[in-house]
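As written, the chains take the letters A, B, C and D, and residue 1 is the first residue of each chain.
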């Protein structure tokens, strides 16, 4: 029992604005000597200070990954000239790279089916500023009345019911919404429809699914019931990028909880909700902060 | 990505009604031979089947603790004669005991200050039937507008602001509300006012607080900042019964998460919200299912 | 930095003798009313006190499981008459049951291949009295010189090399050793040879294997390399009873640790050793204390 | 049950030689622009490739920390000229810094009292090459016969009994041993004597203690008994650098395990042994790989 304490992180506006001027740089390229020297010398000459930097050298594939957070020594930041000056370096090393302002919120579409525990959780974290993003739309295959107790005020809601026959045309509709709303990231927050190969390909590296099992165990339907039948002693959840290969996309985050013999499948579902919520929230946060880089069928996660 | 699966636990009405006829029995007494034989023979003769039973013999204090879940072999259940018949046995062994229907929802008052992550979480779990209870009222020392994005429809809300000068009279008001609403359990869901000794005594064994540290480390104010200063590698939260001895009440549940050197106090606050929510939810669930028995300054938790 | 403190648990002789007179009872049978009443009344009449009791009612299969620890109120304990008197009750309820003295150490054979981290760990726990057992023999498919730094004094060691051609006759040899040494429990402490169906059947319910993955993920060979390839974020180990169905036996215990993208397969192997050691030690301890009951393809674990 | 798999990490000689030519660089200094550019440009010009790099900018204190692993593009490595050339850069930025060959094993003295679970564990990890180090001596306040089941062949053993009256002169003896054996790192592997302020000061930043509690909870004697009395739901252990301020040194690593109401103090001691062993082993590994940097009363741990 403690007296009220004022905490910055819980104030929505502040938490984003604090770092609005920071620049987040990510890059990956074939490893060879001189990368860090070239990049850091360039940034120094342009008047930038490196606040955070992490790198990873995948000795198996020979690929190099790096993430940096910069601020301008002089304050303020004009990204365009920084990017332009960087291009020759990026070309020299054949880099995949990005530079963006930390304060620019990513545009995120949330998709959901009947169970809304992940949606509810993400909305809460968004409202208190824990996950800074622009929610472009909520897309559900159940009607809005299913989510009556959630405060959806100010958010576009689209009911896009899916049946076997309408699946492809409804995916057209979803893709249209993605483009119309300039959505960058799609979150399948317990959206229980398999995306077609086509849509999965279009959303490669920017569509995150929460799978309610500790993959690769218990792929397919009813994972908690599978876990119960097998008698495992821990259950888990997995957040991964969606690929056309079902339940096989690059894993971003996983977590587990201990269960015992007296847990019923319903108990597993209940415990699972807690795991799913926190695993998806972590994965989305890291994705939005450019902490997750694709490395073939795996990910590099510069977690904080 | 899995097709929709119907799950019983997520349907509010069902989850409670399934066990509405079950009887939960708890008892504690000085240990001596024959307790289990006497109790189980009595229940068998009355036509009850023991579905679950756990017991604990504290060899240090010589005290015996037991929790059972029963159903009537014939179906239905009239508690009064069962209780009356049990009294002589209880007297023989000097038992503290209770018998109640699992379907009888406990009456719970939620108290909150500025940070509403625990409140929001408990409301969600209550709405989907995960935590069956009757919410008698929400009592806050901030006005209702502070919680505008929460759906409080159908719940009494009382704004009871507290200052140094008004503390005792406001506690009178709170106690009145407890009695008026026939509240059985009070939850301090990040309510940041210390209860007076008087109120703490009145709510002994039925008032649960969530403390945002891994007690007994970091008692007092600003525990996350203390944890940061000390450089610990894990932070935690503690749910405990409130006593007049600040931060010293019997602990019901604790949990931790790993942090690293680059976590700021604000990061700790953010991580802490997740720990606080799940620790308080577990502690409250266990309390409401009569799984927590007081054992002096400690608890016996027959967790599921 | 703390001054020496004398601790009972670390003294080998004492830890066993303390409970030598206790009786451990386990039973399972089809559930029906009256089981607990019949059993507890019988024990009370025979002058026994129930120190610990846990039960589990598998509502899915209708089977009831129970474990009790008893002491004789008068002190001392003659098991034979207790068993004889219990038989009619056991017959009435069609029980599988056992009664034994806690002080009777189980006879355990340890089997090992090249990697001896689990063997080394079990030997240490045995020497300090943490895992009370009689080690009947160590059986290895590598010569004793491979384990030169382990103190094997006073323990039979058998080098039983296995090739494709000699497998069945060597299993004959192993089975002979089991019988000669009156071995009750066999532990495959990273013994890297698949048992034949025949030997697996003979050791049903009393042969524990440690599998170096979080089953059912990564069955088969080189699980850590599989885990690396799949990019999982947690790795684990599984202790299970051996059945003829490879990697499918009833799971006793599992645990996991977090890994990150920069972990190599060698790092996973290293981290895995820690998980394997503690998972196997827990599973064996629970088995030796009659805390693990078979429930079809699953286990009931009355863990402490 | 898996066929034997050859694994590099388990071969002692190889695991060290693989990285023998790598150079580990650590540095810390007041933060200002240009540090990374200056360092990485220097290393590039000298023909070194950065294999790993992590940095941390403590915005609270304005101090910058970095660790790198390098290899020479040409192969081989002569450290002296690399160090000499680096000095001007280090001076410019007022760096605390070190450069050493990964293959140079640190010289480590292990100190122990009665309980040898940490000692036994460290010796095992050392023998299989998991923790590469030169053990200069084992110093114990109990006679060598207390550790008869450990293979101490080839290791100096010194029995240095301590009483109130002999404490200071015995510390003289210990310090002499440190110097004679050119010991760099001292590990208090459950050495239950408080070091004097003088010796603690001489060993600042290179003496690691394992404390059997989750500090700052339960300082002082008998932490497991304190934990039992307080009724906590998790117990832990803490590895920290020794300072003259008892139980207050910079924390390197901590971990916890869940306990329940039926755990006795002896159960806590038993569970604690597992936690202590892994926490101390991790802390020592990280220290030996120059992954732990002092940051006032806290540490920066570039964990792998």
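Just so it is clear, a contact is a pair of C-beta atoms (placed from the backbone, for glycine too) under 8 Å apart; a residue touches a chain by one contact, two chains touch by 3 or more.
Computed from a prediction, not measured in an experiment: that's the story for all the values here.
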Between B-C and B-D, more C-beta pairs in contact link B-D
Separation of mean Cα positions, chain C and chain B [Å, integer]: 36
Taking each chain's mean CA coordinate, chain B and chain D are separated, in whole Å, by 42
Which residues does chain C have that touch at least 2 chains other than itself? 52, 56, 59, 262
Could you tell me which shape the graph of touching chains takes: line, ring, star, complete or other? complete
Residues of chain B touching chain A in their complex? 1-5, 7-10, 15, 52, 113-115, 117, 120, 124, 127-128, 130, 149-151, 188, 191-195, 209, 211-212, 220-223, 242, 246-247, 262-263, 266-267, 269-270, 273-274, 278, 304
If we count contacts the way the header does, which residues on chain B are in touch with chain C in the complex? 31-37, 40-41, 43-44, 47-57, 59, 73, 258
Touching residues (chain side chain A, partner chain C) in the complex: 56, 59-60, 214-218, 229-234, 236, 250-256, 260-262, 264, 295, 297-301, 303
